[in-house]
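My questions will all concern the structure given below.
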Amino acid sequence: MLNNFGAIGILLIFAIALPVILVTVPKLLAPRKYSKEKGTVYECGMETRGETWVQFKTNYFLYALVFVAFDVETVFLYPWAVQFRKLGTFAFIEMFIFIAILLVGFWYAWKEGALEWK
Amino acid sequence: MNAQYALLAPEITLAVVGLVIFSVGLLIPKGSRQGMVPLTVLGILVTMAVAGAQFFSNVNGSFLDGMYLADNYASFFKLLFLAAALLVVLSSTEYVQKLPAHRGEFYGLILFAALGMMVMAGSGDLITLYVGLELMTISFYVLVAYLSEDGKSGEAGLKYLILGAVSSAVLLYGVSFLYGLTGSTVITEIAAKLGSGMSPATILALLLVLAGFSFKISLIPFHMWAPDIYEGAPVPITAYLAVASKAAGFAALVRVMLVGLKAQALDGNVAVALAVLIGLTMIAGNLMAIPQKNFKRMMAYSSISQAGYIAVGLLAGTPDGVKGVLFYSMIYVFANMGAFTVATVVSTAQGSDEIKDFAGLARRSPLAAVVMTVSLLSMAGIPPLAGFVGKFYLFKALLDQGWVPLVFIAFVMSMVSVYYYLLVTRTMYMEEGADLPKIGVSGATKFTLLVTMLVTLFLGIYPSPLAKMATIAAASLFR
Amino acid sequence: MNFSLTVGLPHYLLVGAMLFCFGLYGVFSKKNAIAVLMSLELMLNAVNINLIAFNRFLWNNPVEGTKHLLLNGHVSAIFVIVVAAAEVAVGLALVISIYRSRLSANVDELDWLKW
Amino acid sequence: MIRMEASFQWAWLIPALPLLSFLIIGFITKKWPKLSSTISIAAILTSFVLAVWVDFGVFASGVGAELVEKPYQHVVNWLTFSGVPWGLSAAPLNIEFGTLIDPLSAMMLFVVTLVASLVQIYSVGYMHGDKGYSRYFAYQSLFAMSMLGLVLSTNLLQLFIFWELVGLCSYLLIGFWFFKPSAREAAKKAFMTTRVGDFGLLLGILFLLNKFGTLNFVQLFHMMTPEVKAMVAVGGVSYLTLTAFLVFIGPIGKSGQFPLHVWLPDAMEGPTPVSALIHAATMVVAGVYLIARIYFLFQGASPAALEFVASLGGFTAIFAASIAIAQNDIKRILAYSTLSQLGYMVMALGVGSLTAGMFHLMTHAFFKALMFLGAGSVIHALHEKQDIWEMGGLWKKMRITGTTFAIGVLAIAGVPPLAGFFSKDEILSAALHNGHPVLFGIGLFTAMLTAFYMTRLFVIAFMGPEKAENHPHESPWVMTLPLVILAFFSIVGGWAGIPEHGFAYFVRPWGSEFEPEAMNWLVAGPSIIVGLAGIILSYIVYYGKASDPVEAAFPRVYKVLKNKYYVDEFYLWIIKHIVDGIGKVLYWFDIYIVDGIVDGLAWIARSLGSLFRRAQTGQLQVYAIIFFVALIVLFLAVTYGEGQLHALNPLALGGGK
């Protein structure tokens, strides 16, 4: 048990030490010269104007939301599929009901315009 | 196998009704979505009939090896949730007219929240319980944030979501430990495996679960969300939250604690800790209600303290105590819905729900003022209203177990509560509302007002029918 | 020296606890609402790790009379994942709606409701 | 076995009729004031007739004495508790609703229905033209129902329910003129203060329930065995004593005993007939009635309980009486007088004489209602003037009011053969006989003070110099008729105590032997003397402001007193500087200290609430942190608090199995 924790301990020490070293060594070694050019956002291309943070269209989010919701629901299909033979017809019907409910949800999202790009 | 599905009849009915409401909402063109109310009411009534049939024909069965139970206890709570949903729908007909759009979803979500509560009351398995809980709360997140124009509503929704999610994570973390300790998530099996053992891990699991539920029923100090969310939410939803969501929390908590963890929960330190939480809830909840200016916020604190009274029955842990919980939760539905329906009426007319908006209500709408008075006095426990009988059952059960000082606190704080309830009454009756016009109430609202008042009065004078139902339901929990 | 790294239940529980605490820390300290939602996911995944670890290490018994193993913990985890996803979906939608009205998604600015 | 008197089983109609009238007025006839008042009065008069019928059954047909041993009960079940029997009771707990008839309740029925009927008739004149005329009568009916229900209760819970209802009616009626801010405040104060008492009462009820498993008065009475009396609760205090103290808190609030008396003087903001009915004759004596109902409990408790009751009563009596001297508002004088008389009744019960207490309750109801209604008549005539110094000369203009008021004053002063003499005499002799010489002294002195301030009121208001700006006129007959009837009862009411099988024979504790007592002149003598002394003294002092009308009215007395003018001077000095001063000091104490404490409690509650509320910062992350910290604290307390938590926490005192 102790050995195991010892291993984790060493791992932990390394994990902490490595980034620290990697950050501090260049700081100590590298020469530092500041200039206006270096302070700009990009070293090439156009200079940005206004807010640096770009806003995405909310439709991206909507798509993402709909996708996440439906994607995750399908996780239930896996155990069902694996045991499909043993579960019999009743489980088959049940899964249809489940999918039907999902479809109502999908229909709802569609009708409410979640899939339209405006 | 198929026959067992009959046990799920109320849930299935409600799910179908909910989906139909959603679909109908889509089929009717936007902007002219009328006729949802009758449909919803009809659906709830049908479900109530099914649940009532189960209760009165003494259906006591379990499903999938005890993962889902249809006993009298669950049926009682199902009736309670449906009654609450029905009153909310009826009382909000005028309020909903003011909502920008999405009226169909409003009713659909109310139904799905009720479905979640029913699953909570019926589940014999912690994961099923969790799914029911989340079905309820996710519906509530949306409902709370329903007034998209009003920044407060959205803020309340997000706050509720984040805090609610933290609490469910805590609850689940506890559940994962219970699973680790016993290898099962079925409540009865957990009880069998745990026996009367008490290890630090059990205590941790127990307290995590307790904290998760305490959030839902808003025991102090897990109550912080309640006032903000109650204030921000649309009035009918606040009522629904205060009444049904809380009752659902109790339904699940009582089952988990008294069936699954009875040996641990009501023993030694844990019981004392629970008693301290309850005492704190009653004291601070009532005291904080006093300085409030906003009606919904005051009712939030009031409902926190009411949760303290109800939790007394849990602490007693006897069939009598559970009977008190059931009885009080039910009459609380009617008392609170009465008060909130009046608040909805005032809020629709005034566009705000400060206590001072109630000035002169006695003149502007005498019925509303009377209903508000009756409801508030019932909550304060003034005989001969139903609240008094309920408190009597609860405190008697607790006294039975010898918690004399806690009973004492409960009494003192009941007296204190009269003070702030009376402030509202005084505003309604004894302050002139300048020259504000009379408030008209629609048929559905009037019906709600009358029903809540009559039930509160009737159960105060003749509580036997409900008491008998509560006794049967409580007995089924301990079978 | 011989480090035989056998990872057991305690390690998983530790990871779970750490994840839970990271999540909690995130909820306590992150300003951006989206980051708070992400932290919540961490907390829920901590639960999943617990459930699956318990299942794997403690309750890995076969179902009576078959060679199949009891997978209560795994199934529970799936339910948790699904419900959490639904929760976060609603959460994101709310964040968007709040962002639209307030042009900010910082949770510490959500203080119109207090006292 | 008792012969079932036919009237007894109809007793439930006595409270039911006013309830019906309340419902009819509230839901149907609200728009027609005349009809409303007619319905209300018809209902209460019918109740009165029924009450007389019941009383006839009790007192005149020979079953009265049997009823003391075996009260008549007529019950229906209300709350049913299934399962195991509770406490000492052999049967599962049932709480019923019903009517209990014994001489005590029969006497109360008569008093309440009589006074309520008269007050309602009076109100037709007094409230004439008021905006809330119908509402007023609805409340009156509701009150009558509640009070009668209280009187007829068979068990403590039923009594408590009606107890709360009368409190509610009192709240509604004090705040009846809600456009006056003072009325609103007074109403709230009355409700809140009495609630403090109610909480003690309810706790006492639960204690009784816990131990005995029943709340029925008769069953409780039969359980008072020596073993029960010996049961110890905490620290050597017997269980019954503790319970008796808790229950007694109820009467302290309701019957205005020190220090919860502060609401009663303020309650005078209500309409005067309300003050007469609720705050003088009926509701405030509910506390006294309660003590009498469960007198067996106090007898079973240790002597300290009754001792306490007696002392508090005596203190309240003298305290309130000395304040009354310094008051100028006619209704406030009467209010403090009521407090003082209530103290008298409580003292009577405390010194061990249920009979004397209830006797005084009855006579007091007559003469105090009379004086309140008289005061109402005066206020009505002077267009809402209440300061006695602004009155004067009313004697001439308001003959009926004046005469009846004088009868009231003489009755309360204890002048034979008026009602007050007999009941007061009974109290004083009980105090002396049962070994309370100090209380006897206090009672005697209070009797003098009572005579003094009442005469003062009468002399100034009725016999003082006439004021030019006042144009008093006698009130209409609906208002004077009740005065005359009450005056009649104020005269003859006390005679009920005279015959061998009189008041004392019927109204006595359950299970006690009747001991006839002759008139005790050793007590009666001083009692009469101090009463007359008070009257004369007051007359001398305040007569100074009078002019010829007084001389014309009482020439002989005037002459006698004039000859001893130096005595008058001396008394004047004493009264002005000492008695009046004490009165003023006590009044100050009452207003600022006692009242201040009551208000202070409300303030503390309020500021604690504001303080706690500050935690609610609106920052959801703070909420989340509090949530989690609370969880950790809980966990630490539970795991590491083994043993300590129990010791730390008083909640575990009796607790948790």
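Chains here go by letter, A, B, C and D, matching the order in which they are written, and residues are numbered from 1 within each.
By definition in this document, a contact is a pair of C-beta atoms (placed from the backbone, for glycine too) under 8 Å apart; a residue touches a chain by one contact, two chains touch by 3 or more.
These numbers come from a predicted model, not from an experiment.
Enquirer: Using only alpha carbons, which chain's centroid is the nearest to the whole structure's centroid?
Expert: B
Enquirer: Between chain B and chain C, tell me the centre distance in angstrom, where each centre is the average of that chain's C-alpha atoms.
Expert: 28
Enquirer: Give, as an integer number of Å, the spacing between the C-alpha centres of chain C and chain A.
Expert: 14
Enquirer: Chain A to chain D: how many Å between their CA centres?
Expert: 75
Enquirer: Taking the mean of the C-alpha atoms as each chain's centre, how many Å separate chain A from chain B?
Expert: Averaging C-alpha atoms per chain gives centres 37 Å apart.
Enquirer: Chain B: which residues touch two or more other chains?
Expert: Within chain B, the residues that touch at least two other chains are 158-159, 162, 166, 227-228.
Enquirer: Return the residues of chain D touching two or more other chains; collapse runs of consecutive numbers into ranges.
Expert: 613, 616, 618, 620, 624, 628
Enquirer: What are the residue numbers in chain C that touch two or more other chains?
Expert: 24, 27, 75, 86, 107, 110, 112-114
Enquirer: For the protein chains shown, what form does their contact graph take: line, ring, star, complete or other?
Expert: Graph shape here is other: it fits none of the named patterns.
Enquirer: Give the list of chain C residues in touch with chain A in this complex.
Expert: Counting only chain C, the residues touching chain A are 2-8, 11, 75, 78, 81-82, 85-86, 88-89, 92-93, 96, 100.
Enquirer: Looking at the complex, which residues from chain D come into contact with chain C?
Expert: 613-614, 616-621, 624-625, 628
Enquirer: Residues of chain B touching chain A in their complex?
Expert: Touching chain A from chain B are residues 1-2, 19, 22-23, 26.
Enquirer: Which residues, counting only chain C, touch chain B once they are in their complex?
Expert: 16, 20, 23-24, 27, 33, 36-37, 40, 43-44, 46-47, 50-51, 54-55, 58-59, 61, 70, 72-73, 75-76, 79-80, 83, 86-87, 90-91, 94-95, 97-98, 101-102, 107, 110, 112-114
Enquirer: For chain D, which residues are in contact with chain B within the complex?
Expert: Within the complex, chain D contacts chain B at residues 77-83, 157, 160-161, 164-165, 168, 175, 178-179, 183-184, 187-188, 191-192, 195-196, 198-199, 202-203, 206, 209-210, 602, 605-606, 608-610, 612-613, 615-616, 618, 620, 622-624, 626-628, 630-631, 634-635, 637-639, 641-642, 645-646, 649-657.
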